[in-house]
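Consider the two complexes below, in which subunit A is the common component and subunit B and subunit C are the respective partners.
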Partner chain A sequence: MTGETTSAIVKRCEAIFDDLNFTLAREWKEAEPGRKVIAYMPVYVPRELIHAAGMLPLGIMGGGDNLEVIHGDAYYQSYICRIPRSTIELGVSGRLDFVDGMLFPSICDVIRNLSGMWKMLFPDVYAKYFDVPQTYKDEVGGVFYTNEMREFLHDLEGIAGRKITDDDIRASIEVYNDNRRAINELYALRAKQPWKAPASEAYLVIRAGLVLPVEEHTVLVREYIAAASAQERPLKDNSRVVLTGMFCEQPPLNLLKSLELSGCYIVDDDFILISRWLIGDVPTTGDPVHNLSQAFLHSSMSTAAKYEPDQEEKGQFLVRAVRETGAEGVIFASTSFCDPALLDRPILQNVLKAADIPFIAFKYAENSGQMQPIREQAGTFVDSIKLWSAA
Partner chain B sequence: MTLVAGIDVGTGAVKVAVFRVEDGQEEWLSRCTKRIRQRDPLQLSREAFDQALEDAGVAEGDLDYVATTGEGESIPFHTGHFYSMTSHARGAKFLDPETVAILDCGALHGRAMITDERGKVTNYKMTSQCASGSGQFLENIARYLGIAQDEIGNLSTQADDPEEVSSICAVLAETDVINMVSRGITAPNILKGIHLSMASRLARLLKSIGVRNDLIMMTGGLALDEGLCEAMREQLAKMRGVDATVANHPDSIYAGAIGAALWGAFRYKKLASSGQMLQAS
Partner chain C sequence: MKPSVVKAQPADVLKDASMLKQKEMMAAHYERLTSAPQAGEKVASTFVPGNLNELIMCFDLVNNLPEVNAIQSGLRKQSGQYIMEAERAGHSEDVCTYVKSDIGMMLKGNIGPNGKELPRPDVLLLSYTGCFTFLKWFELLREQYKCPTIFLQTPYMADGKVTPNMIQYMVKQLKEDVIPTLEEVSGVKFDIDRLREYLKKSAEAEDDLVHILQSGKNKPSPIDAYFGGIYYIGPIFGAFRGTDDAIDYYRFLREEVDERMLKGLGPVTPDGPMGEEKYRLVVEGPPNYTSFRQFWKMFYDEGATVVASSYTKVGGTYDYGFRHDPDRPLESLAEYCLGVYTNRNLPMRIDMLSDYINEYEADGLLINSIKSCNSFSAGQLLIMREVEKRTGKPAAFIETDLVDPRYFSAANVKNRLESYFQMIDQKRGSKGAAA
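Let's look at the complex of A and B:
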């Protein structure tokens, strides 16, 4: 523990967040000859495999609100979300020129198309559309996903120029288990004492894990938890809410701050979902690829980013998140044309209605600058909870 | 007994109200207003808050709930924050319990609300981002005409041939006014024309949220502008199916602060009844 204050830690994380040249990842690569960096987009890839290959997994969450998109707009229709356009902008502007591979996880057709564009734009860089199962039966989705991961491992061995052993993967699983434990501890603190760990700070701390080596990030998260727990901050009469729908294109930091200023304590969310996608520890004995596959199929978060085959179970994950964190309402926030979030929204809202949980919904983009309408909506939502709810 | 303070940080001024609430009786102990005039609103809030506490003879530590509204959510010593609409609606009900609709006209925008008998906002609409419905726009015009702000209302009521201005865009409206001055149109007729233009937009907002034969309470910084109130009456009278009464109150400017304080007291009682005591911080 370094004894850093929360503001010093958050400042460090904000510098990483603001750096669209990914300087820390570049420095990591240059520190030793032969090091490789594999980038990935939202929502989920098994980073354990990249880590086991001795490479740095680098999360690319779009360009945020500080990147001017010039070239990227030529590749997608204007009504499409912004993340594919700003990611292209990052690529063609040379900001990702040090990256040795790029993964496009299965989340929607837009990202699927982006993987094809990437292959045409950067033919010398490894690019893979990383498919995940939509069927959760072991004999179907399990076999498919295990094969998908083994194919990816084979590709990684080609890039690394060495064999990746099961022991390598098991060691990496343990490192990521520890990282998830630390992040879950941070979420537990937020649920219990949200005034001590504001979502806008926690977001930056977790987001830093997309650039830093995982071991370093785990230490950082625990430093923040220690500092935030020790710091006295006044408890306000705010309402506890769960924020959902932000699993792919990330919200601008000002949006989170605006929600908090409007009187929301954000006690749970689904942003930077890769950090918490798998629930609990992945076993570190036995076949590690099989273990990762089993964790994905049977022990992963059931958000709108994942197909839920059981209609009875649909939305119950969100209801449980509300109950377990003591939340008083749900805020649906999604980007324009976000198929997974917007198609699930009415289904989830019906589940919330049945559970008597109040909610509101709005749209955003990673570069949204006008927060007044969002503040208005969130502010009146919080007022209605505080003044008119039965509790 | 519950002691509460409401702090309304507007675009033009900070308003503070201190209340004692006991057995349903709401006693207004003190008030303070400070115009911002390019000064730090947070610092001014502290000064106005201290002044109001001193006038009420109440120590800060005795307060059960410090509620902010408007742009006051960054004030570090608040217990809870209420959105402006919620506060203005409650404040207007305090000023006149017969109030059904509220027209909050401040420096930045106009907002129409309709409430139920508890003061809960059931519908609302606000002017878009265009500044031509705002007090700031009116201030700018007064500056062009070389008249003081508190003269605007009185001059407007003296108009004999109001000159229409653009009701769409503040920039175009300001150009209109410059043309009017060069054409020799009198200040009362220019001001009345502007008031009618603003009132036309605000009246449409009120009708669209369902206001018909109701008492409309004006709140916010323009509530005491008699020229605007008169223009509102004229524009509403032209609307088919609307027979509303436009009222204001000498303390209309405090509606936000009053509402915040009273909701603070309500919230304090609600939290206390569920065993969740929250100290004013």
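Let's look at the complex of A and C:
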């Protein structure tokens, strides 16, 4: 597939993105008897463990703006975000009928409660609320997390019908390290030459990693980087912005495109955070579960779903993202009715104010259709950034 | 300084001894709280689910509960303006209104129910139990108060059981983080025997509370376990668990309830004793506080009594057998936090509500869904259908908010309730016809 153009690669990724029957994952499973698929929701689960069990981790990020939600609305009041209802829709409509297990990370009470709903609705499918520590001392949160992961491994062994060895896990860590390196390279390219790798394309490329086997995905990311780097694209007079708040319910692709059309180069973001959750390589020697735990405790992304014990550190990740990418402003795009994102927002905004970083804020849902107001707001923001930096 | 023991004699004021006692206790508590800086006392803010009152008392700290302050603001019709104030300051209209009421109150001078300024907390005890929003709430307060913040994580009971890993994790947090920081903030050395003493007292009051709540099984029920229940849980969910005051209060209350039961009387409402008990309901979800009396009236005017509720379990599921245990002090605090209603998974909540309908011989389930509370609300429609299916009793769904008056539509709620009562009547009628 060498030499594929960016548009061909992006097209492939878009087909995966659009396919709410998860055909590739189904085919993967059918290709060999005994194969299992474990699905997970945002924001983070250690996919290495699923991979080590020989299974396919499958990311479920809601139904997007193409899914017609017929049953899902009967499960949720109007004042609850959209991702749980579209995920239920995927479930009850049979689109996830090939999935052998479903993980609900401890991101908020909506997904937490969804874990119990899943148990009720699909009693024959393994459903697990995946708890993580919110305290970061090795002997306290670390031990708790290591034990939780071991319990999860035990469950996976039951589903796989075989033992998972430390070597299996080490090998999987290496594979995911490589995937993270590739994705970090893509982010580096976006920060350096954003006109070469638009966020709306990068999004699709990264998102494909939620369905494809990780090894294939790493190759795909590198192919895209090579093609995007080689392709000449016009440099526009856009402003560089960091996008934040999209760590759970995903933005419609049109939203990203609209921001770009209104003059933004999105040089950093927090969508599909799982692909960058662990920062740097996880060691592949020693106790692999301990290593994953250490990485989670001491070297992982900051987001609203995590407690920040240090007041001085609160929100600094955003300031650093701005500084490191040379961004000129921040766009808070939060899901409607999302307590984590919306309660965090004022604190983060105060941090940005103190650092003299301009920002705007709006809300969206995964099925938002009207982009005009967002486009106008972003356009005005870009103009003001330019005026501001010219002054 | 230890909490003052307020004396009320049950013999003198038999009927209202508990009410009087509670009023005095609350007033004394808010006095103590608002005069803490002058008295040289230190203040710990924390949450109702996962409230470690006994531990807080071990360090002579005064317990301040922002949730209870928000309820007070709601009852006194102040919360509406506080919420607007918080929204003007940049908070979203979509988020938990308790948080906004608290923040708005702070922005407007933090005036407590006694008209005096509430003190700045010396420590935020972020007992992360059963609600994600707690985590953000105290990050928001920490930003303002810049005081030490202690995090205590209660793992979620996702599989319907408490595992040894959960208990160990919590006890370790208590030993390594919570207690040392409380010692540091208060300057008081931790004394585990003092904790045991308090826990013993907690258990004594808890026995009486369970007796009172379970009196709802009688016909007629001598209590309203939702509207009245909110008063009954006040002391034990708040700053009084582990005190002599709480023991006295629950003893008086128990005596009153027993007496009503013997006389075959129903609950006492704000308009006096309730008339004939026509409907027996189980209610899921918190109440609305901004129109609390109006809301309650819609029930007692129709002869509807709430015989059991889940909201009265947010600060502990004592009727399921849990008691604070002086012999296992730290483990017991951990188990307490793990077991509270909002930390129970959805299937457990369904079991509990179905059991209540059966055991309390209720006519059905009413869900009051709170617009801004994800912890309670996400999943309630499934709960409703499942409980209906299991018990064969009709269920109904209404939507209000805890403390945001904009989301209490009296006409809508009343309509819904009236049709629900008709539905129960019809169900009874058809049963009668079939028999």
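Structural remarks
FYI, the second predicted complex is superposed on the first by the 388 of 391 C-alpha atoms of A that agree within 3 Å, B and C clash if a C-alpha of one lies under 4 Å from a C-alpha of the other, contacts with A are read in each partner's own complex, and residues count from 1 in each chain.
Convention: a contact is a pair of C-beta atoms (placed from the backbone, for glycine too) under 8 Å apart; a residue touches a chain by one contact, two chains touch by 3 or more.
Computed from a predicted structure; not experimentally measured.
On the superposed subunit A, the positions of subunit B and subunit C stay apart, so the two partners fit side by side.
By the touch criterion defined above, A:299 lies against neither subunit B nor subunit C after alignment on the C-alpha atoms of chain A.
Using the contact criterion defined above for the overlaid structures, shared-chain residue A:380 touches subunit B, although it does not reach subunit C. Of the two partner chains placed by superposition, only subunit B is touched by A:234; subunit C is not. By the touch criterion defined above, A:5 lies against neither subunit B nor subunit C after alignment on the C-alpha atoms of chain A. After superposing the two complexes on chain A, the angle subtended at the C-alpha centre of subunit A by the centres of subunit B and subunit C comes to 100 degrees, rounded to the nearest 10.
In the superposition on chain A, contact of A:308 is made with subunit C only, not with subunit B. Contact comparison for subunit A: of subunit B and subunit C, C touches the greater number of residues.
Looking at the shared chain after the overlay, A:165 reaches neither subunit B nor subunit C. Look at A:347: by the touch rule set out above, it reaches subunit C but stays clear of subunit B. When the two structures are aligned on the shared chain, A:135 is found in touch with subunit C, with no touch to subunit B. Taken over all C-alpha pairs, subunit B and subunit C come no nearer than 18 Å in the superposed arrangement. Those residues of subunit A lying in contact with subunit C across their complex are 74-77, 79-80, 84, 106, 108-110, 112-117, 119-121, 128-129, 131, 133-135, 137, 139-141, 143-144, 147-148, 151, 304-305, 307-309, 311, 314, 334, 336-340, 342-347, 349-350, 363. Here subunit C touches subunit A in the complex through residues 89-92, 94-96, 99, 126, 128, 131-133, 135-137, 139-140, 142-143, 146, 149, 151, 153, 155-156, 158-159, 163, 165-166, 168-169, 172-173, 176-177, 345-350, 369, 371-372, 374-375, 377-382, 386, 399, going by the rule given at the top. Subunit A contributes residues 234-238, 261-263, 376, 379-380, 382-383, 386-388, 391 to its touches with subunit B in the complex.
Subunit B contributes residues 65, 73-74, 76, 78-83, 85-86, 120-121, 263, 266-267, 270-271, 274, 278, 281 to its touches with subunit A in the complex.
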